[in-house]
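Below, each structure is written out as structure tokens.
Two complexes, one shared chain (chain A), two partners (chain B, chain C).
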Partner chain A sequence: MNFLLLTLIKVALVAAVFLTALAYLQWIERKVLAHIQLRPGPYRVGPHGLLQPLADVIKLVTKEGFIPSHVNKFFYVLAPFVAVALALTTISVLPFGPEIQVFGIHTWMQLTDLKIGVLFVLAVSAVSVYGVALAGWASNNKYSLLGGLRSSAQMVSYELPYAVAIAAPLLLLNTLSFREIVNAQAGFYFGFIPRWSVFQLPFPQIFSFVLFLIAGFAETNRIPFDLPEAENELVAGYHTEYSSMKFAAFFMAEYANMITVALVATLLFLGGWHPPLPGAISNYIPTAVLVLVAAICFYHGAQPYRKWDRFTFPIAGVISLLLAGLFLVPLVQPILMPLFWFVAKAGLLLFIFIWVRGTLPRFRYDQLMHFAWTFLFPVAILNLLVTGLLVALFPK
Partner chain B sequence: MPDLKEEEIPLAGGEARAEETRKRRMTVNMGPQHPSTHGVLRVVVDLDGEVITQAAPDIGYLHTGIEKQCEAINWHQVVTLTDRVDYLANLSNNLVYALAVEKLIGDIEIPPKAQWMRVMLAELQRLSSHLVWLGTHALDLGAMSMLFYCFREREELLRIFEMFSGQRMMTSYIRPGGLALEPPRGWHQRVKKFADIFPSRIDEYETLLENNPIWLKRTRGVGYISVEDMLTEGITGPMLRGAGVAWDIRKSEPYSSYEKFDFQIATRTGNDVYSRYQVRMEEMRQSTRIIQQALDGMPEGPWKADAPKLTLPDREKMKTQMEALIYHFKIVTEGVRVPAGEVYQAVESPRGEIAYYVVSDGTSKPYRVYMRTPSFGNVQALGTLLKGRLLSDSIAAMGSMDFVLGDVDR
Partner chain C sequence: MDAFLFLVLAAIAVVSALNLVVQTHPISSALSLVGVMGSLAVLYLLLGAEFIAAAQMIVYAGAIMVLFIFVIMLLNAGGERLTRRSAYVKIFGVPLMALFLGLVSFVIQAALPRGEMVVFGAFTHGGPADIGRSLFTQYLLPFEVVSVLILIAILGAIVLARKEID
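Up next is the complex of A and B:
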């Protein structure tokens, strides 16, 4: 009973947080991209467009679920659900923090810990190509078909370097369970270099990390690899014929995949929730950051650029100060600190995703495949071999 | 290869193989409403997988009948229509029409200030047009931020246009006989400010694109068309200069005292999308140079010709002189009479050689205004450019041609 109840609570919590994060990732993306492009981004719904995701959701849900007459109905309807279901599945095996104690109950900040967690993630991401391929085929539209074909080929090709890039740190960490993976990255060399996979001896996995990120960009169909939905040639690619909730499903799947890649990269390469600095100093960093944020907010509130800035910025500042105080409360600190570092690292990676989108042009389809097979894959294999050799020569 | 239709090309493997190949083909309609065509061009593309076997542009979706309309209105009113031909280079169109009419009239001297202003305006227009091209071209290839950076500068240019003419795009500012109005006070300083800052902005664009490996991969070697084909199809402008042909009307047949300005014709020899990109970037730098020179050496004097039968008289004169009032009445009610004859006048627009062939029968309305527009010639090459290339290349190639559908269909 206890186990069941606890799991249900955790599932509800994770689902709620994850889905909200999905919606707000989209807001963040639009904001960051807008500021890169010299424009304010969403600004109308709520202060600084903060309620825009909600408005988008309401709009998409209440729209008529139109099914064109020329589609293969069964697969047309199935495809978005396959895509979104698989994209949301991965989160169930990813841990967000260490074992914690709430009201006397010991539990892990994770839904379930599979012994083969890494393989599970790979398997699910491999299957998720079906959503896109089915959508492209069932839409019975030439642009959709081209988008679906491109996407299938791209995702299948990049699956290999993706998997090989993951394999290399696994040799160092010697486990497939995410919980163990993070535990194996605890501690510091010489008291200040964290033992994360990207720094871990005998062979720091920096190459592997970069390869993983590149393949991750391709897996999630982001610029510079966003060919399946290359707007200017394929209209909207595989989801050209989709509208309302079915379109939203693809949209959610894309952002869920993005978050998953960022989380897996954090867990595998960046030491999960372990702080980057030794000792108790790291416990004060979030407070310091938030106080700084509050100071900036108050400064801008005192010199308002727009008239309502006089109210919104101080409110944001007060909220930051309250959060800063929260991080100092001993009762919740052991829960919040790991979460903070985990979210900070994953957030940094997501920021890179958005930044790249604001900067780079798009590859051509054949160049993309060429890049995967003649550069990415061989380098990943080489990296794996070197890692294997060094691990064999210098066993722990 | 002899001139065979696609179906007649003999294939190894005989009829069965040919049949199979035909079945594998897919015909895709790109446009008239498609995100990449910038207007309403329809391209019928035959695809074998992702390879284009045949591409045929289909024009006419933006046909406005401007040429015919010109025959029904009087000489001065036509200026407003020329704005709408190539709506991204309206001042170039104003200019070529004004020059043509002035040529028809013959004995008319355009004062140096008007001439220098015309040069400066044409070059500002070139900047504005090239900025739209760069932004949309980069957007097509996935670099979406470029659009916003380019439009930041274009916005300033449009404000400059608005300042002298009251309109952002349809300026109708260059008129037969000079300019419509005297540029307002403070306008030159504003242009100066822009011209000073603009070279650094070009550097900024080049930081993002010039050596970007993805940009190079997408544009190098794409969109080749031989110089002979270009000359037969009447391609002009940056496309021709990107193939190493230094053909620029500003140099070869200088008009509006372009011969007094120091600038180079930008040429590259790559004959691909990247060369055209480089040519246009270089042209933007050269245009800025011309603008700087025009600003520094702007002569004093009147801004329209002393031709009472062609240009409207000043307000003050109308109140004091009887003839001025009569001329004003005649021009406004029945229009200007242009001597019978025919002329061909070409200028270098941002897209290439734009030329008006104007025929007059001596009345107050043009008998015929034929427009030889650069985009029309450039779009003709689309089939040659795309054949055998990948679908993604079609976007790069079309972007490099920089056509405006109003200019194609007029």
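Up next is the complex of A and C:
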């Protein structure tokens, strides 16, 4: 098929899925946080608040886009665009699955594979601080300015352990292209331990993985490192003066960065789309999980707790069974299985992001800087040195 | 396509560089410099120097310029006021500038080897592996000397800053 047409279709598909995932990640975050705090969370719009993201989008789009009189107009309007554009860029070099065949056309489940894919991700994350810094400065508000200053200092500081933590697994995998990174993690030790970077010999990258996640929390301004928008000190930090779509742009950028960090961690450390179990067993796991979900649904449907449960639970059960059957169809299995494992791993990491937000308190600002420079960075360097030494001593 | 991209990005780089000088506010100037760095990075990419392009974005457009902007924001520097130009500048400014540019372009043309045209896509050894190999074999000594030099500069900066605090 025509390269241009194929690329356009893939871009449209990826953009649609990514933007929907952004909106629903926010719903999932609110739900998980609510359940951690023993509340139901969003419940009114649609069943279990499932249409809440849609309502939020409509609300944000139809709100008045208010520009305060004292701001630097050009940079005030530019900042959210920079933030969201850079946040959405990284997805274009990340693969979601292996080469597949649809209607006789061979294509990779990836928009484009760069030889310097990892460096591209680092470059975009290095530049993405401008959105936040500019927003803080252009708002001409002391709280915004403090938020912008904090965020630029924080992101420059945490960029170092972030990059060094990425460098260590690259020594093992010996490539910078994401496609080859995932290929280098295929296979199993002794037939059951997957050769993902976190388990790969000569030096399992478990420390790099933890360092990467900690630095990733700081890079995405998430709790416990969300000092740029610490609401008890800075109102809302750098986006205090923003409303409607311009505020939504910052919001989207934050969640897009979160998804990007989770996907990069999955690709670099958790073996991308490779299954955790050898052989054909792993192909039946999604079916088994979905059948279990269906069984639970039917059980609760038979013993209704609320009035509508006898209808809603069986419907959910039937849908689960249909999905379970879909994973067994040989025609779509090679497409769905890699996607399933990829999304499962990235989803687990995103869950950890939300879990941490519901669990940990915020750092103090001096603690944040102290932690980066006196603990995280030296440990990352040490980890890199040990990895380099072991890779040099035990070449493949 | 390559030539078209080159023209567009070269134009962006030149306009950003001019804007850097013309703007009166430090933040606008700093961001124009980011524009110059970014378009240069894409030009490197067009020439096949992938690693240099990525390093340009990470180090220059990312780390260094973020520090510039950080300092400008921290000092809250306002726009600079233009003073009236002196009579000498008004008379001799433009001719001297033209003379200087002409001299520079003449020297560059005379110094460069002749007869070799740049071909887009002809250079394929710009990947990280090639750069790393030549840095650690052919250019090992200069590479290590530069790293020691940078270390000395960092230590010097710390010593100077310490003196002021004490």
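Points to keep in mind about this one:
By our rule, the second predicted complex is superposed on the first by the 394 of 396 C-alpha atoms of A that agree within 3 Å, B and C clash if a C-alpha of one lies under 4 Å from a C-alpha of the other, contacts with A are read in each partner's own complex, and residues count from 1 in each chain.
In the analysis below, contacts are C-beta pairs under 8 Å (C-beta built on N, C-alpha and C of every residue); 3 or more make two chains touch, one makes a residue touch a chain.
On a predicted model such as this, the values are computed, not experimentally measured, just so you know.
Once the two complexes are overlaid on the shared chain, A:Gln303 sits clear of chain B and of chain C alike.
Contacts of A:Phe363 after superposition on the shared chain: chain B is touched, whereas chain C is not. Applying the stated contact rule after C-alpha superposition, one finds that A:Ser69 touches neither chain B nor chain C.
Look at A:Leu38: by the touch rule set out above, it reaches chain B but stays clear of chain C.
Chain B contributes residues 26, 28, 34-36, 50, 138-145, 147-149, 152, 208-209, 212, 214-215, 217-218, 390-395 to its touches with chain A in the complex.
Those residues of chain A that touch chain B in the shared complex are 36-39, 142-143, 146, 150, 223-224, 226-227, 230-233, 235, 357-367.
For chain C in complex with chain A, the residues that touch the partner chain are 27, 31, 34, 38, 41, 50-51, 53-55, 57-58, 61-63, 66-67, 69-70, 73-74, 76, 127-128. Within the complex formed with chain C, the chain A residues making contact are 75, 114-116, 119-120, 122-123, 126-127, 129-130, 133-134, 136-137, 145, 148-149, 152-153, 155-156, 159, 163, 176.
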